[in-house]
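In what follows, structures are represented as structure tokens.
Paired with chain B in one complex and with chain C in the other, chain A is shared by the two complexes that follow.
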Partner chain A sequence: MACECTGVAPGIQGLRVTVALAGNPNSGKTTLFNALTCSRQHVGNYPGVTVEKKEGEFEHDGMEIHVIDLPGTYSLTAYSPEELVARNVVINEAPDMVVDVVDASNLERNLYLAVQFMELGIPMILAFNMSDLAEARGHSIDIERLSELFQVPIIRMVAHKGQGIQELKQAIVHVAGQTPAQQPATVKYGGHIEAELDKLTEALQGSVPDSGRPTARWLALKLLEGDEAVIGQIRREAKNAIDVLQKVEDSRNLLVRELGDDAEILIADRRYGFISGACQEAVRSTVETRHSMSDRIDMVLTHRVLSIPIFLLMMFLVFKLTFAVGDPLMGWIESFFGWLGEAITTYWPEGAAPLLQSLIVDGIIGGVGGVVVFLPNILLLFLAISILEDSGYMARAAFIMDRFMHKIGLHGKSFIPMLIGFGCTVPAIMATRTLENHRDRLTTMLVAPLMSCGARLPIYALIIPAFFPATWHARLLWLIYFIGIVLAIVCAKLLRGTLFKGEAAPFVMELPPYRLPTVRGVLVHMWERGWLYLKKAGTLILGVSIVMWALLTFPQKIEYSRDYNQAIEDVSSKQLPAEEAEELVAELEQARASEELANSYAGRIGHAFEPLIKPLGFDWKIGTAMIGAFAAKEVFVAQMGIVYSVGEADEDSVPLRDKLRENYSPLVGFCIMLFSLISAPCMATIAVTKRESNSWKWALFQLGGLTALAYVITLIVYQVGSICGIGV
Partner chain B sequence: MESLASSLSPEMEDYLETIASLFRIHGEARVTDIAERLSISKAGVTQALRSLAAKGLVDYRPYVSPTLTESGKRVAERVQHRHDVLKRFLIEVLLVDSELAEANACRLEHAVDRSVLERLAHFMDFVKRCPRGGSKWIRGYEHSCDPDKETETCERCMVMAIDEYRNRHHMLPTEEATMTLAELKPGETGRIVRVGSIGSIRRRIVDMGATSGTSVTVVKVAPLGDPIEVKIKGYSLTLRKEEAEAITIEARADQEDGK
Partner chain C sequence: MTMDVPISKKQDGEANAKSEGEAPGTVNGCAMPLPMLRPGQPACVECIRAAGQAITRKLSAMGIVHGAHVMVLNSQPGPLMLRVGEGRYAIGRGMAQHILVTPCQ
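And then the complex of A and B:
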């Protein structure tokens, strides 16, 4: 450590600048963020909320520029976590400026957000994105005039073509160097409102820290708007809170009386008035072409008759892409890890540290394999989702399906996660990211595991032929899937009626114009999701895999009912024909494995739980296999194979089916399927739920809730079935 | 729910209103504060709270500040709304001064049925809109309230009313009628008069640009009949019919003819 760092040289502070990037959804903010920061990005979460935090860096003119990508919002109310985060970042993290990305082809609504950032009193730059489109639509914008009216620099750009990026960087450096910083124009709200604002500003003087941001005027404005977050803050922090809030109440009442509407509506009206005034001065619109390209596409895609078949076709393609293309890749990954395990086993010095070998082969390699195996599905699904979102179709899909989904307590956009759930719950839960509303998102996340995933299919494939005549097979499979769907709907309704009670999420949503997704945007999105999955969920899944391995492997020293090593030696010493000897050895090894499992912690837990699961018709063997199924649902089959000493069993194993038939009734078989369908989703699901909801609470609630539900339903089915003598 | 609210006594309604108001200001409604506001003894308040809790309108346990239940909130909101309509009528139409209006609205609100109140609100709208009424008419009424002024100006007033009507007629579309956005058919255009109260969604709709005076065109209805797509401020917005029903508009007949 050479000690040259004796102090910060003067002017150095100016070399690092923080910029908050803001903008409406669909304004091209992400494209700009990618263009500015290239690959120097990192993604995290804001504490306590599901909102994602993206940051990046770039350099210009020797200045290090740190970019915080704010969530895309339309406004800065306390209406959604995104909006709260956006304004809190500006207030608490005190960036040096805001760069607000404005879709120039949709100027007025985009400027509404800009005006609210201006009110926060922070230096800002407006990036007029998609200026080419605005011109094509016949809007000619006098940027200089508008810049003068708003008192902020405006950069004209076409982000996806890279136009204007350099100019924007230059402007950031320029604004950062300005002292004193330029203040944006103030919106005037007219006599009555201004009078009330003055009263409140005065009342707030001295009672809030006078540290510049947020200004007393901004607080007064928010109080007048009835902003719950700010009211709460004043109540907690201001010395004369009661006095201030009484004044707020009086002012609000007075405004209703004088102007005939709620203050927040009047204020929104005035903001739009300010914008529309500015636009009248600075924007000239020639007659708009009557039907834009987008409208023409919409005539087909949201057509009264065609839209639903097209939608179903799209969903079919998304599903096919995710799973049909993904499956061979998953197969390769599985065989690669299988091969790796084999290779290590082969080269492992005979008899040396068998426990370590088992940890590496079964625990770690198995675990990493179990994480990576989901990656093709996730990448392909997000490829599809990025294309659907960036092109603008996702909003249409929600528009088409909303009526139906709304009826069952979900949002139009919940359709994709639910559908993907039939393939695999892990990417399904990741797909809930497309839902903006927190309550919709959690509801979808929590019920998604009820859509019977592909990993449960081997269980059904094992059980159904074991107990039921061939004519029933298809019908039973349908029944199981159907039960899952019905339960998902019931649970969604239930959750919306209890935990996530409140106003239904509104469907006040923009239908953005259709756009061609860029290859880069899609790839970046895919990469981001895949990486986040590996980093956040992957490590958790790996950890749980090792715990599962330990449960199944320990304790090592157990008392076998007979000396298997001796017995195996006996067989080989008997000089039997090779085939017969091999068979006998295999039988002995299977019996030993079965005993080991029975005595492992998992087996003991299974035993301990037996009294609890007895009323469901289950014995400890099923219990143990269910514990194994927590690692991955299909493991149930292999575990049943081990406990019944039939060797490596898969869902087509005839000996295992025979064993099942001998030991259980068809009713129990059905109950196994029912329980596997509803109960605790696999650990990967729990890990992803934890990651996506950003809270253990919801992950554990999902785990506990679904298991309890499975228990109750299976209990009823088994008990009623037994009493009525169905399938016993 | 409906019957529950109408069966509440005025005193009980006052309680709900007070709790809601205290809650907005202080974040809680302490029994002491309620007692002070209503000038009733604390014991009286406690008793009333128990009775409200039994009706499922208030969550109340001894020594903990009461909170309104969801249905309690709805009742309180309705009482407040009734109060506002009455007060506006007293101030804007009858030209009563605002303090007197406040006091009288407080007494009137408990005595008026919901249906009468709706009529009153409607009437108020009508007075403002009808060419034979309007602001001039109310000003004329103000004039007539003053016993010193002469009142023989009917003819002049009617001529003025016709002028006002013709002026407006010239500026506004030919057939002006208020309806809700949900009633417009695809292709039809209207102008937003007011976004009605539908909770926090109201704010969202206005934030998205649906301010009064903005022109809005229905583009299409989703294949399953809901939601609808509208063009507003040059972009496409979707909303459910229940949301569209809360938006009052003036239909613009000229646009329809033009198609």
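And then the complex of A and C:
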């Protein structure tokens, strides 16, 4: 035990090690990650799939330690895409060490993953988190004994209180300095299985690169378990793949004959046997399992009668919070951008570079400001969703909704991405990662844009008050949201009945215990999602605003139908009463502006589209704005402002509403909202669908399908409305 | 031990004796599909039958294996709420049909 000393082995100074934080969902990985790295962390993407990857750094005893927070996983044989990411990082990116965060209050199940890491042979530390809960539930764990049995260092922790953090850091440095690394204990599977494992290990020798990890034995074990990813890997990489896979088949058959069960069941049984053997020695439970506090809450929240009203109330509160609290905040942001634009205009040197001034004020501030205004709404919605998630209610909502989602061919878990979709479609599509079945996942992804996202709100906020009396406002807004939901249901059912025919994946989901969410946890969670939206505003929308501004501003040299400058001079020379003269000048200037607009590139494009959108009741001006809306829905409002040259326009702009009322009927107003709701999701959505589905095919299908649907529905509504004379 | 075991599988050597020839879900003490279990009744998992490899592995990872102590907590239609040790799971009824349990005490 000479190596037990605390002194740092020579050569460690300045060393850099990578540590992966793994563990079951809700075991406290993220809490631990935050405690370890404080603020030195950043979010990136895993290559290939858009799963936000959180990495951070800290230093201990002069060692630079790089930490990766992995998505939760129950087993190293992945079941969901999310689990696959976690597993691939551990297997392919070969971190120096795994810290397996174990929920000590649910020890045996959590150790199932730990045992698999031990088999992988990667240096590891077990962080026994939630030790406070374990003790409160009457489990007393002899950590030293367990550590001896597993041959792995174990640290007792209460992550959200900071207990055990120093000890864990110390252990990481210690393990990193060990050469050779301590070999963890492994499960002995007993005569028959071991014999088959030996056979397969031998067959694999030489046919897999012997770089150490994963070992041939580990691969053999996974093959025997039927792990598709490993089978695929062998098929691609091993020279004698056919031979190996045939041997696997033989072994599996042999085990069924000898032991009467499939290999995956036998292996799981042995692992649990190993775990409970160890726990019998090292864990004493004074209390029998009984109904916990959480179960009692569940008796109410998932009650057969009460569950639905409670669920509806929760949803109502979520939206109430989003809108009631969000509105005043929006006002402030709006006035800030208004003030900024004005300040720049005022202090801009007279006559200097008018194009640049217009670019900054109309293009950039107008465009980006119009988006950032919706940040409070979106952040609040994400705040509410984070509270639901962190408290454990979200899983219950999925549980309650499963019955209904089942009817449309999806299952309860699809409900969560759809709810997030009301905030922003981009994180919603990313949230489909929790769906295991590819068909369920694609269906959810494709219909998610029909959940009216926060970015479409400015359009409704502009149009509804422009055309409809105040008493209708709330009802119309609900109607639009409702139409989106109904369409999503219909489309999901259609897709499941045609393109994605087949059984829904079986529904299995953990219901985590109810917990009081922590302020920090909720805020971080909210921010991570809101950040995606802000990133979109900062990059895509900024770019598009500039492009749209250019399309509207150029070409600058145009042939006017008359000489406006001359006409204006004429008016002033006529000695008319001041008021009358001003009116005439304003009229002339507006006529000139619309002529410029009609001649701009944007105007020309809009004109080209006019015949196509005429049957929907739209003119070229709406068409021009719709093109901008493809970049990001909320751009529509700013576009209409520019098109009607009412200057800086937002959804509260009274002059713009006046213009709309003068030019269009309420029916057209409604059709604009309808079209914006259904049609082409924004570019960011298409991009994220492409990445998450891993193919352009589905992204383009989403784009084309939704736009066609929008066209047909708007056409019907407009034509029927016009014929029946409703709102014309 | 290597004699051929027809259709019904035995769990382990010792479980062999009783698992044969019993129709599921009839008498108390016999294996029955999980959805037939009365809410609040403690039970032991006998086996997972014909659920497919991926699902079986998933259930194993959640602690639903031979010998696990379970209890159904809810009684409404829709998925079952299952207690397995300290874990709580929602499990669709279709899938729950594959889990055979025997009630205990």
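Heads up, the rule we're going with is that the second predicted complex is superposed on the first by the 506 of 728 C-alpha atoms of A that agree within 3 Å, B and C clash if a C-alpha of one lies under 4 Å from a C-alpha of the other, contacts with A are read in each partner's own complex, and residues count from 1 in each chain.
Here is the rule we use: a contact is a pair of C-beta atoms (placed from the backbone, for glycine too) under 8 Å apart; a residue touches a chain by one contact, two chains touch by 3 or more.
Quantities reported herein were computed from a predicted structural model and do not represent experimental measurements.
Annotation for the three-chain superposition on chain A: chain B and chain C clash.
Residue contacts after overlaying the shared chain place A:D269 against chain B and chain C alike. By the document's definition of touching, of the two partners only chain B reaches A:L245; chain C does not. Judged by the touch definition given at the top, the superposed model places A:G260 against both chain B and chain C.
Using the contact criterion defined above for the overlaid structures, shared-chain residue A:R235 touches chain B, although it does not reach chain C.
Contact with neither chain B nor chain C is seen for A:H525 once the two complexes are overlaid on the shared chain.
By the document's definition of touching, of the two partners only chain C reaches A:H411; chain B does not.
Residue contacts after overlaying the shared chain place A:L511 against chain B and chain C alike. Common to the chain B and chain C interfaces on chain A are residues 74-75, 77, 79, 105-109, 112, 256-257, 260-261, 264-265, 268-269, 272, 298, 302-304, 307, 395, 399-400, 402-403, 406, 506-513. The part of chain A that touches chain C in the complex is made up of residues 74-75, 77, 79, 105-109, 112-113, 137, 225-226, 228, 256-262, 264-265, 268-269, 272, 289, 294-295, 298, 302-304, 307, 395, 398-400, 402-403, 406, 411-412, 506-513. For chain B in complex with chain A, the residues that touch the partner chain are 21, 24-27, 70, 84, 87-88, 91-92, 98, 194-195, 199-209, 211-212, 214, 220, 222-227, 229, 233-240, 243. Residues of chain C touching chain A in their complex: 1-2, 4-5, 9-12, 16, 47-48, 51, 53-63, 65-67, 69, 73-79, 81, 83-92, 94-95.
Within the complex formed with chain B, the residues of chain A that make contact are 74-75, 77, 79, 105-109, 112, 232, 235, 242, 245-246, 248-249, 256-257, 260-261, 264-265, 268-269, 272-273, 288, 298, 302-305, 307-308, 395, 399-404, 406, 501, 503, 506-513.
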